[in-house]
Structures are given as C-alpha cells and as structure tokens.
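Structure, as structure tokens:
Labels for the chains are A, B, C, D, E and F, by order of writing; each one numbers its residues from 1.
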Amino acid sequence: MIGWLRTEMKKIEAIIKPFKLEEVKEALSDLGIEGMTVSEVKGFGRQKGHTEIYRGSEYTVDFLPKIKIEVVLPDSMVDNATTAIVKAAKTGKIGDGKVFVYNIDEAIRIRTDETGEKAI
Amino acid sequence: MIGWLRTEMKKIEAIIKPFKLEEVKEALSDLGIEGMTVSEVKGFGRQKGHTEIYRGSEYTVDFLPKIKIEVVLPDSMVDNATTAIVKAAKTGKIGDGKVFVYNIDEAIRIRTDETGEKAI
Amino acid sequence: MIGWLRTEMKKIEAIIKPFKLEEVKEALSDLGIEGMTVSEVKGFGRQKGHTEIYRGSEYTVDFLPKIKIEVVLPDSMVDNATTAIVKAAKTGKIGDGKVFVYNIDEAIRIRTDETGEKAI
Amino acid sequence: MVASFNLDTRRLISLILFCCSFFVAAAVFGQNASPSPAPSPQSAQAGSLEDRVASLEAYIKNTDGSKTLADVPGPGHNAWMMTAAALVLFMTLPGLALFYGGLVRRKNVLSVLAQCLGIVGLVTLLWWAAGYSLVFGKGFNNPFFGGAEHFFLNGVTSSPNGDYSYWVSENVYAMYQLMFAIITPALIIGAIAERMKFTTLMTFMFFWMFIVYFPMAHMVWGITGFMNGIWNPASGIKAIDFAGGTVVHMTSGWSSLILCLILGPRLGFKREPIPPHSVVLTMIGTGMLWVGWYGFNAGSAVAADRIAANAFTATTLATATAAFAWGMLEKILRGKASVLGFCTGAVAGLVVITPACGFVTSTGAVIIGVLAAVVPYFAISLLKPKLGYDDALDTFGVHAVGGTIGALLTGLLASKQANPNLRDDVLSSLFASQLAAVVVTLILSVVGTAIIAFALKFSMGLRPTAEVETAGLDISEHGEEAYIS
Amino acid sequence: MVASFNLDTRRLISLILFCCSFFVAAAVFGQNASPSPAPSPQSAQAGSLEDRVASLEAYIKNTDGSKTLADVPGPGHNAWMMTAAALVLFMTLPGLALFYGGLVRRKNVLSVLAQCLGIVGLVTLLWWAAGYSLVFGKGFNNPFFGGAEHFFLNGVTSSPNGDYSYWVSENVYAMYQLMFAIITPALIIGAIAERMKFTTLMTFMFFWMFIVYFPMAHMVWGITGFMNGIWNPASGIKAIDFAGGTVVHMTSGWSSLILCLILGPRLGFKREPIPPHSVVLTMIGTGMLWVGWYGFNAGSAVAADRIAANAFTATTLATATAAFAWGMLEKILRGKASVLGFCTGAVAGLVVITPACGFVTSTGAVIIGVLAAVVPYFAISLLKPKLGYDDALDTFGVHAVGGTIGALLTGLLASKQANPNLRDDVLSSLFASQLAAVVVTLILSVVGTAIIAFALKFSMGLRPTAEVETAGLDISEHGEEAYIS
Amino acid sequence: MVASFNLDTRRLISLILFCCSFFVAAAVFGQNASPSPAPSPQSAQAGSLEDRVASLEAYIKNTDGSKTLADVPGPGHNAWMMTAAALVLFMTLPGLALFYGGLVRRKNVLSVLAQCLGIVGLVTLLWWAAGYSLVFGKGFNNPFFGGAEHFFLNGVTSSPNGDYSYWVSENVYAMYQLMFAIITPALIIGAIAERMKFTTLMTFMFFWMFIVYFPMAHMVWGITGFMNGIWNPASGIKAIDFAGGTVVHMTSGWSSLILCLILGPRLGFKREPIPPHSVVLTMIGTGMLWVGWYGFNAGSAVAADRIAANAFTATTLATATAAFAWGMLEKILRGKASVLGFCTGAVAGLVVITPACGFVTSTGAVIIGVLAAVVPYFAISLLKPKLGYDDALDTFGVHAVGGTIGALLTGLLASKQANPNLRDDVLSSLFASQLAAVVVTLILSVVGTAIIAFALKFSMGLRPTAEVETAGLDISEHGEEAYIS
C-alpha cells in the first residue's frame, strides 16, 4: 500500500466528436501532457442518428462515430486537463460527448520499467 | 472529497458476441439507459478460434471479433443493468463474454459542463 | 460491501507495439492467463511519428498504431502478469508503451452467471 | 493431410469424377474419330474475280462469302467477337462478383466470390463436354436439345459455322456463348447469398445447367430451336430475344425466386439491419458490368456490323436513362439519390434492353430505359417487403422482373427500321409470341428449379448450420477472411 | 412515402420534367417526321469491278469507299470504335470515379461516385435530345453550334456519316463522342469534391453542357466548327486538337478553378490534414484511366488505321514517361517516390499527350511526357500552396495546366511524318493558331462557369450546411455509408 | 526543399541521368538521320485487278498482301492488336498490382503498387531507347541480340513489319511487345515482396532487362533468334513458345527464386502468420489478369485470325479447368475450396497454357488445365514448406513451375490440327527442343539474376533496415498510407 500513497494517478477518458481530435490534442499538449491513446468508437446517446436506405430497406443508424481519448496523469493535473478537454471539444451542439475520470493504481513504462508518475 | 460523496458512479464494461449488440442495446434502453459507447475488439479466451489456410500455410486465428460496450451509470442502476446485459447477451455457448464493473470518480457532459450523475 | 471483500480483482491495460502482440499473448498464456481482450488504438507520445506527403501537402502523423490489451485478473497475479508483459513487449526503443493497472469491482461470466474470480 | 470430409463433399466429388471419366473417355474417342481436316488457308483461290470480289464485299457486309472465302474468319468480325467474349467474362470476373460481393456483409463476401469462381470452372467443363453441342448442335434435329456432334468441342475449329455466323470462328463463338452460360447461373447467387452450402450450390448448378439453361438456350438461339423466331423457319413460337432476356435474365431471375423461397430467409432477416458492406465494391462492379455488357449485347450480333452498332447504341441509351431515372425516383420519393440506386438502375436498364437492343431504335431505347427503372423500382421497394421473401441482393426484382418486361417491350418496340432481319411474319404477331416465350421460360425455370432444389434439400441439405451462418460463410465454408488489418 | 423535399430539389425536377416533356414530344414528332429508310445491305452491287475493288481497298486504307459500299460500316473500324467507346466509358465508370473516390475522405467517397453516375445519366439524355446534334450537326452552318437535324438522334443510324468517318456507323460515333461529353464534366468534380450540394452540382452541369461543352466541341470537331483546322476549310482559327486537349481538359480544368474559387475551400482546409482515404482505389482508377484512354486517344482516329496506331504509340510513351518522371522528381526532391506521385504523373502524361497523340512521333511523345510531369508537378507543389485555392483533387493542376501545355506543345511538335493530314497551310502558323485556341477556350470556360456558378450561388446555393459537410456528404446527401464493417 | 537523399538514390539517379543524356542525344540524332518517308496512303493503286483482289484476300487470311497493299495496316488486325496491347497493360495496371497487392500485409500494399508503376515507367523508357531494337531488330544478324537500327523506335512507323506481321502497324506491335516487357519483371515482385529497397529493386530491373529479358525475347521471338523454331530457319534450337512460357514465366519465375534466396526471408517468416490483407483485391486482380490475358495469348497471333481464335479458346478452357481443379484439390485434401485457391489455379492455368495456346486443341487445353493445377499445387503446398525459401507470393511456385511444365507440355501436345504453321521438321524433335529451350532459359535466368543480385547486395544493399521493414514499406519507402479511416 506504499505505492498507493506514493502516487495518485487518474485516467481521463473523453468521448468526443471525431473532428475535434486535433484541437483536443493541442489543448492537452499545451498543458504539457505528452502522451495519450486514442481509439475509434461508436456512441449511442441523445444525439439522433440518421437513416440509411439501401434499395427498399430503411435502417436507422443510432451509433455515431466518436473518438475516445485516454490519458493517464497525476491527480494534480486532472482538473486542468478536464477543463482543457471540455473547452476544446465543445461545439455546444448535442452529441459533444463526455469526460470520465477514474483511479489508476499503477503505471509502468515498458521501455524503462519506470513506474508511477515517472512512467506517464 | 465532497464530490466523492456526492456521486457514486460505476462503469460497466461488457464484452459480448457481435450479433448480440442490438439486443443488449434494447435491453439497456428498456431500463432507461440513454447513453453508451461501443467499440470493436478481438477476444481471446476459452472459445476456440478457427483455422485459415492461404495456399500452403495454415494459420490458427485465436482472436475472435467481439463488441465492447461501455456504460457509465449511477451505482443504483448497476445491478439491474448487469442483469439485463447478461440476459440479453447470453446464448449459453462458450464465448458469450464478460461483464466488468468498476468505479468512476467523475463524469462531465462536454456540451453543458454538467458533472456527476446529471452528466450521464 | 461483502462482494468488495470477497474478491480483489484488477484490470491490466497494456499499450504495446503491434508486432509484439503474439509474444505478449504467449507470455500471458504461460502464466495460465486464459482470457484477454485486444483492440487497435492509436498512440501519441514521445515516439516521433512520420511524415506523409500527398502531392503537394505534407502531413505529420503523430498517432502511431498500437495495440491495447486488457486483462482482468485476481490481485495476486498482477505482479507476475505485469512483469511478463513488460518483458515480452520490451524492445528498448522509444514507443514501447505503458502498462496501467486499476481496480475492478465485479466480473461476471455471461454464459454461466458466475461472478468474481471464477468469472475470469 | 486429407481432411475428413463429409458426405456432401464426397457426393459432389463422386459426381464429378463419374462425369469426368465418362467425358475424358468420350473426348479421346471423339478426337480420334473425327479429326477435322487442317485448313489450308494459303491455297490458291478458285473462283472468278467477280465471285472473289463479292466474297470480299460479303465480309464488309457480314453476308455469306463462302463461295471463295470458305473456312476463314473475317478479321474485323473475329476481332470484335474475341473482344466481346473477353468483355462478357469481365462481367462475371470480377464484375458481378464485386457487384454482389459489395452488397453482402463483410463476413460473406468471399463466399460470393468463391461461388462465382466455382461456377466459371464447372460451367466451362460442362460446356466443353456437352453444353455447346446441346445448345448449338443440330444433330438431334430437335427444338429443345441441339445434338451430340460437338461433344468435347469436337469439330469446333477456327472456321466459322454458317448457322450462327458467316465470319466468326466457331471456337470463338463457342467461347463467347460459354461466357453467357457462365453468367446466367452466377446471377442466381444474388438471391440466395449468405446462407447456402457451397457444395450444394455447385451441385444445384450442375443440374440446373442441363435442365434449365441448355434447353432454354437451344430453344431461343439454336438453329433448330423451338422459339428461334428469326432463324429457324420451323420454330414453334416465333419469338425474338436478341441477347438473352429470356435465356439469361428470366431463367436466372425466376429460378432465384423459387430457390430463395425453398431456402428460406437469412437468419435475422427483417429483425436486424443487413446493409451492404461496401457500396464502393458494388459501384466498381456496376461499372464493369456496364462496360462488359457491350460485349454481351453488341456482341450478340456475332459481327461488327450494322446490327451490332444498333445494339451498342440502344444499350448505352437505355442504361444511362434507367440509372438516371432510378436516382431521380429516389430523389423525389425519398429526398436522396443514392449510389446504390444509380447502380441498380443501371443494371436494370442493361437487363431490360438485353432482349431488345438489336431490334429497337434510339427512341425505343430511351422509353425502355424509363420503364426499366420504374417497374423494378416498385417491385423491389413495394412488392418485396409485402411478400416477404428474402431475395437477398434482388436478383428476382431486377432480373426476373426486368427480363420479363424486357421480353414484352421487345414485342412492342421492335422495328424493321432498327433491324431489317425482322420479317413481317415474325412482326405481325410478335407480342403474342413474346408472351408465349415468357410463359414457356417461366414454367421451365420455376419447375426445373423447384425439382432440383427439393431433391437437394432432402439429400445434401441446402443450408449450413446456424452457427456457420452466424460466423459467416467465408471462414466456415472457405477457410479465409476477406480483409485482415 | 413522398419525403418532404426542399425547394432546390423541386427546382431541379421542374427543370427536368419540363425538358423531358418537351423532348419526348419532339422525339415522337421527329420519329414520325423522318423515318430513315431501312438500309438494304444485301442488295445487288452496282459498279464496275474496278470500282468495287477500289472501295474494298478504301476500307483497308480508311478512305472513301461510298461509290460501291455506301451505307455500310467497315467491320475492323466499327469493331475498334465500339471497343474504344466502351473503353472511354470505362474511364469514367469506374475509372475516374475510383481515381477521385480514393482521394477524398472516407465520408465523402460515395458522393464522388454519385456525382459521376448522375453525370452519366444527365449527359446521356442531353446528348440524345440535343447535344450530338448541336456538336456534330451542320444544319445551322455555324462555327459555334452544329444544327438541329439530329435532335433525338434523328437520322443517326448504323450508316457512317462521311463528315466524320468513312467506315464507322454514325450511331457508334455518336455513342463514342457521348463518352467524351460524359467524362469532361465529371473531371470538374475533382476540384469541388467534398463540399457541393448534389442538386446544385447537377444543375450546374446541365447548364455547363450547353454553355461551355457543346459550343466548344463543335468549334473544335464539328465539320463547320470555328477552330477545326484540318477538316473545316472555313475555320476561323486553324488549330488542331486530336483527342480533346482544349475541348476536354482545358474546359474542365479552367472551369474547375473558377468553380472552386466561387465555392470556397473545404471546412478545415489548411488547418487539418485531409489525406486520401484509399490510395489503392486511386491506383486502380489510374490503371483503368490509362487503359481506357487508349479508346480516348487512339479511338479519336475514328478508324483502326495508321493514325490510330500512331496515337496509340504516342499515348503509351508519353504516359509512362510522365509517370516515371513524376516519381523521380519526388525521389530527388523529397527522397521518396510515392504511388500517388506515379499515378498523378501518369494522368498528367495522358492529359498532355491527348491533343498531340495523333500528330507527333515517338520522340515527340517522350519529350511531351517529360514536360507533362515537370510543369504540373511544380504547379501543384509550388503554385497551389502559394495561391491558396482549394482545388481538392488537383483538377486544375493536372487538367487545366496539362491541357494548356498540351495544346501548345502540339503546336510545336506536330509533324507530317506522324500525320500526313497536316497540310502546310495549317502547319505554317500552327503555334499561333494553338495559342489563339487556348485563349478562346480559356475565356469561354472561365466566363461560362462564372456566370452559371454565381447564378446558382444566389438561387439554389452551392454548399450544404457546415453540419452536413462535417458529417460527410455520403450520409447526408445520399443516405448511405461507403463501408460497413 | 531538396531532401537529403542517400547514396543509393544518388547512384540510381546518376545512372538514369547518364542513360538519358546518352539516349536523348542519340534520339535527336536518330530522328534527323533517318526521317522515315511519310506514307502516301491515298496514292493511286498500281497492280492488276487480280493482284489487288489477292491482296485484299490476303488481309482476310492474314497472308502477305504487300504486292498492292504495302505499308498499310489491316483494320481488323490492327483493331485487335490495339485492343490486345491495352489488355496486356491492364494485366499489370492494375491487374497484377492488385493480385499481388491483396496478398501482402496492409502496411506493404503500396510498395507493391509503386514497384509495378516504377517498372512500367522504367521499362518503357528502356524499350523506346534500345529494348525493342535489341529484341526485334535484325541488324546484328545475331541469335542473341537483334540490332541497333530501331533504337529510339527509329523507323518504327504505322506500317507493318513483315517479319512479325503482315497487317499490324509496327508501332502497335512494338507497344504490344512493350507490355510483355513490362509484366515480366513485374512478376518478380511477388517473390521478394515486403522486404526489398525500392531503389535497389529498380536498379536490379534495369540490369535484368538487358541481361535476361532482351536476349531471351530475341532468342525466342526475334526473326534471327536462337530458339525461334518456326520463323527462323537458322535457329539453333527449333523450339516454340507461343506467348511466352519461357520468355515471360520461366525467366521471371526462376529469377524470383534466386533473388528471394539471396534476399532472405521476411522478418517473422514462419514465426508469425503473414496472411493476405485483402483476398478481395487479389480476386479482382485475378479477374483482370484473366481478361487481360486474352490480349496476351490470343494477341500473340499478331492478327485476328484462325490462330488467334485457337489461342483464345485454349486459354479459356485451360484456365477455367485449372481454377476448378485447384479448388477441388483443396476441397478434397483440406475440406474447403478457397477463393485464393480458385484464383491461384486460374493464374496457374493461364501461365501453363501461355506457350501452348496457339498450338494445341481444345482437348489438349483441358489436359493442360488439369496439370496446371496439380503440379503447382503440390509445388506450393509440399515443396515450398520443405525447402523453406520465402517466395512471398509464390512467383516461383506458379510462374517457374508453371512456365516450365507449360514449355514441356507444349512439346507433347502441339498439333498441326491446331496450327498448320507447325512444320514437320519442327514437330519431329519438338520435345527435345523444348527441353533444350527450358535449360537455356533456366541457366540464363539463374545466372543473370545471381550476378546482378550479388553485385547489388554488396553495393547498394538489397534490404531496408529491420525497423523500416517492421513499420512497413509504404510509410518508410513511399511516405504514404494505403488506407486512412
């Protein structure tokens, strides 16, 4: 449980609109955040999907393309980072997405075996 | 630590068979869950993969296509939601997948800056 | 809160170089770990991207293809597993990736409704 | 190393081996029996100068020049027919394969390609062994089957066969017609996509060729054929079908309906969306089909002559019109013109103009183009949902409906102005003849398909297990994945 | 079921309906009014043996054989022109569609395909109704517009039209030229990709054909045309353009520039990377363009004769040279030769050799190939970033720049050795004539496009909403997704 | 802006610049030196009516008509050969590029396309400058190299060259043969895919053309060639090779083996799975190869005559049979017929029938089809794993093995019945001649390749760094990504 005290790390998971990725990335870079992991996801929420028609058949597509950004960082940076993400990702229109924050117990940099804050 | 008390949120992460997505989505909708994020993943587990042959060479493909569903929701709904997911996703055959639950510290709706339960 | 005591589970999330997947998978299998979930992600970090040129225009591609491996396992196996992953995934060159560990409250096997350690 | 293979496979293979041994024996015999004399193309010319000039003129005009230029193909016509044959192959490989392949789900695209490829191989062997002879032979002097004289392409050389062409090598003509025999069963794949066992499908096609295609093609195009209105004076029905409205599209389209009814719908049909996995592939396929179809339609003149030119023109006009009309229908009725709509319209236009292209004028072609969009459009968007059969990729909606209205419109719009071969005795009762031909075709296709399909349903079984179908046919039936990232 | 559709759609449809009703009325009238007499190709030959042989020789040499072989197409020439017409269609469907489709983002690929398909339909109907006649008619005896005698392809039969070809069916020629009329507006799509409303685009093309393409094509190729240097003795400018450097590439290229300037850049242009979503598709399209271009260039001889052979050769040499040179430029200047570079070079080579291919020798073709790479390369990599217009897929950089230097290089390199039809009066002042033709083309394209584009900007609107553009045109404008996994 | 480029690039470029400066100088000189006289195709005909009719008949029969129709190509033959040349280009662009491109991993697909495109450019320039002359010239009167008289295509005009064709323009023939010279080195790419430096590969090809291809092609097809059994009475080995079993497939196939042995296997070979990234692309490529191969095989008659018709037929039958046989072998031995299996079988069939197609009957073609599947099937699935070389895409297994058995089977199955040009003196010892030709080809390919490969290994280096290979050649060598989502 020593490690537990040694380092307080959080993961921020942000679901954003795809075309906002560049801006969010830059906002995080500006805070000195040097690493993140990004993936393509599909989101379902209040934002309405669209209808596709193939010959006779209509399909309602509820799942919309979104980008998920994952950043692990020291507790101390979480507030700044979430604020920056929210600001950069906002369009004010429905479907802008969410930011989730949760605890990370440990982080290791594979290349160097460094752990904790030094690893991120 | 006030926020910590204010809101108890969990994330449910379900790995399911791809063709079960529609059913799980509907089961969650029926519980009033309005948002979720979905991604395509590959699963490795007890379910056997298959063999592919390209000209002379045989390959065993262990990684099978799965769908990952992520839902963040208030603690109070977790039990109902997991039950609903399990019910909808079950085929009884090997490879049906897993449900994992863990804690979320904070959630923010990008569009409105709302936080906590109101954000999800 | 009984369930909370009953089972201590962790999730290991490893971001690795794509061509290391086979080796990591085997290293985990050797530890008796029978299940994992894998996804394709893009990583941004210290590792420099590359430049692409399409006719006149140059683009710097910062996001590099990485593989994310997620394994849920009992607390007791975490140390061995992280060590195994780090060892298998290491090339010593920048961009090798990270391992993150965090807490999981509950796990359910959809097929059997088993929960906790038995589910993973 | 020999995988344990199941009963069906063994059945199929026994069948093939049986046929092969029979065929090879006969082929060798055939070759010995009737060595076609080596032609002597450099021999001195007999004939008067007048005759020789007339024969040369016959080449230009695509008339009979055999008085002094017997046994020699004409370069321009032969060139066009080799091109046309290659174009018709292009329609199937990769045209149709992509058109259909794009419309199925990702997990089944290879199964469609495998079916197309398998059919190409199977039909070629059948055609070589017996098919060409049964269709274009005349030894039986029979309105339904041709003859046995050309089994194993015996006697089919580079010299023209005057029954079908004055100036095109008979072997080129045989290969050209082979390409029709290939694409016709391949069209059926569309209706039953994503849910039929490969082995059963191939077995189905084996029988279907003998029971439906060969007799049908002989009836319409064979020189002794039952419905060969123009060239067989003794034909029972004086119908016309320039490039295969009945032979190709009606047979495949109506067979499709029956087979997909007997097969049943795909798992999840009407419960979950089954959208095309790549409209891009479908569009590529459409472009290839269109381009290749010039070989199909203009090639059916079996010469690079006036009739071919007319067919080329009519095909272009009808197809573009139908593509545009389908898009505009979508735009008006649903607000958006889709790529799939344009593509479907183009294919519908090609189908409907097929029997007509050598017989109608430009204006007739445009009229056909409009109807080629409107009728199938409503068949697919209104009829199909109501009746509820799972014609997966709309083979029935496009080919059966299109082929049928094409045959009938040919009856209404054929004109001497477009094609002077249309004699008055044919024209006078043409619509009635076309109607009769439609009925004959429909019955043969429906009955033939039903018999084969039921026989296979109760012997080999038509469908794979639900598990296989869910996992996708590519992995389960062919051991491959289409795309690996 | 009728979707509530907006004003623009209604406007487009009114336009179409209006035109159609007019056309159909006229077509029916036309058909009644002048039934072209059915040819009698089997009639006995008049003429002396000497004349008959001379006519047959005329077929071989592609000269006038109408003394004894009137009204009949020549098989070799007709075969080649049907093949060529199919090849030129192949350039658009699916060639150009894939070339462009690969270069846009995933979310807009179907919009490019839909635009190509829509243009094919629209232009075919216009060509049938009026276009062919306005370009290749001579009733008006006018240097800018042809005539009305061939509206609805009236009188356009399988007989050759001696003004354009001694031995190719006029209807085949009309279809061949239709394929040019199709690809020219389709080229414009490249400049305005990813950000124009489909309905507006189609309306733009409707007017563009009448204002820019038809007059331009008549001027250059019409027998009474203003700039038809070789075949119209009364031409105002004695310029030459073998296969469409001015008519096709300059018109589309310069119109592209104007339209994309009026339209404005894509959202995010210069702020975010907009890389091609599939270089593989682009390369497939390039291969198809190249292969199809043989129909375009060698087909422009309207015969399978010596000139066609020369055009075939020059096209091959210039294209391969340009592709290689572009790749080597990249290798030298940037360290890496890219697939997109090779492909762009190939297309640039094809563009620049187009006006020249029937007039230059092999060595001339190689020289053109080198310049075809160098000039557009720097236009795209230096000029474009500096000037800052968003020519999305480089239609201006390749087709306008390439077409212009092609027209000028033709003036410098055309030689009697390659083409004996080049009379001294044409050759003597050729470069000046070419320069004049370039100026005329440029002005017509720029002014015509500007007028139409501004008119539409203030009526229908050119661009979709930012939301639609961001979501992608495929889903918003066509209701489809390109790829579904 | 000039990227700092490395030694290899500089070496390649120096080489190119050197050659270019030499060539351009010589080309300009050549053009001045021997202006080929402009033909006067409209001049009055000399010759008696009898002679003139005989010449016209010669056109139909593809015999010598130069008595009264000298210097003029025949429309039907020229049409076919332009079509055929376009088809053979289509085989490479995009056919082979897709066939191979689909088989590699996603990260290397563009490298395959770039290699194909680069080869097209390089070989075209070599062919123009020297290749055509070295192969089809006769100035050296030498069995291994042709002559210098046609450097820079000097004197190669639209008139036929009677040594190779009575009725096809020599420039069309030169372009047709260029397409063969392009695809042959491109085939080699398959063996060394995913792991060779682009610059080195291009340099390898430069030398390979001079050392292996040009001599080989002259030996077999040049009028003074060493192994031109039919047309060169003085040939040392009276072998036959209709469309390139030795020249194309054996040279590329055996060179592939040597090059891939010297290069070594891909990183991870045999340790990790390296499955095809898109079987769909491979199937598209297969369809295009097959269609294009009609140009290759039937075009090798250099006329649209009886022999072409025979080649067309044999090609169809052998290919379809081999595709089907390969699929059935898989079905029997492994339980599943795969798309890749059908495709590989088709290509194997095409390869094996290539030398034979103009010489064998239908039955011979079917026999060849069966063997074309069986032998390469076991070579690839048994031999390769045992010997352990990394022939990445099975160029050796298909082209070397296939080409070799094709050459031998041609010796066994060639018959006068199929081709009357087969004189008895050729036929009597044909199998021995074929065996000799096989040995010569094998030695030249193996030795030539080994020399070039070792020279480059120790100068420029053959392989990129492990890092580059791991990241993929697309990004590292060409600066592009194939697919961006």
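Operating definition for what follows: contacts are C-beta pairs under 8 Å (C-beta built on N, C-alpha and C of every residue); 3 or more make two chains touch, one makes a residue touch a chain.
Treat the numbers as computed from the prediction; the structure is a model and nothing was measured.
Student: Show which chains lie in contact with chain A and also with chain C.
Tutor: B, E
Student: What are the mutual neighbours of chain A and chain D in this structure?
Tutor: Where chain A and chain D share a partner, that partner set is B, E.
Student: Pick from C-E, C-F or A-E: which interface has over half of its contact pairs in common with A-D?
Tutor: Selected from C-E, C-F or A-E as the counterpart of A-D: C-E.
Student: Using the average of all C-alpha atoms in each chain as its centre, how far is it in Å between chain B and chain E?
Tutor: A distance of 53 Å separates the two centres.
Student: Chain B to chain D: how many Å between their CA centres?
Tutor: 49
Student: Please tell me the distance, in whole Å, between the geometric centres of chain B and chain C computed from their C-alpha atoms.
Tutor: 17
Student: So which bits of chain C are touching at least two other chains?
Tutor: Those would be 39-40, 52-54, 102-103.
Student: Got the chain D residues that touch at least 2 other chains?
Tutor: In chain D, 49, 53, 56, 59, 74-77, 79-80, 83, 87, 275-276, 284, 334, 336, 338, 340, 479-481, 485 touch at least two other chains.
Student: Which chains touch, pair by pair?
Tutor: The set of touching chain pairs is A-B, A-C, A-D, A-E, B-C, B-D, B-F, C-E, C-F, D-E, D-F, E-F.
Student: Quick check on the complex: what are the chain C residues that touch chain B?
Tutor: 11, 25, 34-39, 72, 102-111, 113, 119-120
Student: Inside the complex, what are the residues of chain E that reach chain D?
Tutor: Against chain D, chain E makes touches at 1-5, 9, 12-13, 16, 27-28, 30-31, 35-36, 38-42, 45, 49, 52-53, 56, 59, 68-69, 72-80, 82-83, 85-87, 89-90, 93-95, 97-98, 101, 109-110, 113-114, 117-118, 120-122, 124-125, 128, 152-153, 156-159, 169, 171-172, 174-175, 178, 198-199, 281, 284, 477-485.
Student: In the complex, go through chain F and note every residue touching chain D.
Tutor: Where chain F meets chain D, its residues are 49-50, 53-54, 56-57, 59-63, 74-77, 79-80, 83, 87, 105-106, 167, 275-280, 283-284, 286-288, 290-291, 294-295, 298, 303-310, 312-313, 316-317, 320-321, 323-325, 327-328, 331-340, 342-343, 346, 361-363, 366, 416-417, 420.
Student: Show me the residue ranges of chain C that touch chain A in the complex, using the header's touch definition.
Tutor: Its residues touching chain A are 10, 14-16, 39-46, 62-63, 66, 68, 82, 85-86, 89-103.
Student: Going by the contact rule set out above, which residues of chain B touch chain D in the complex?
Tutor: Touching chain D from chain B are residues 19, 22, 50-54, 61.
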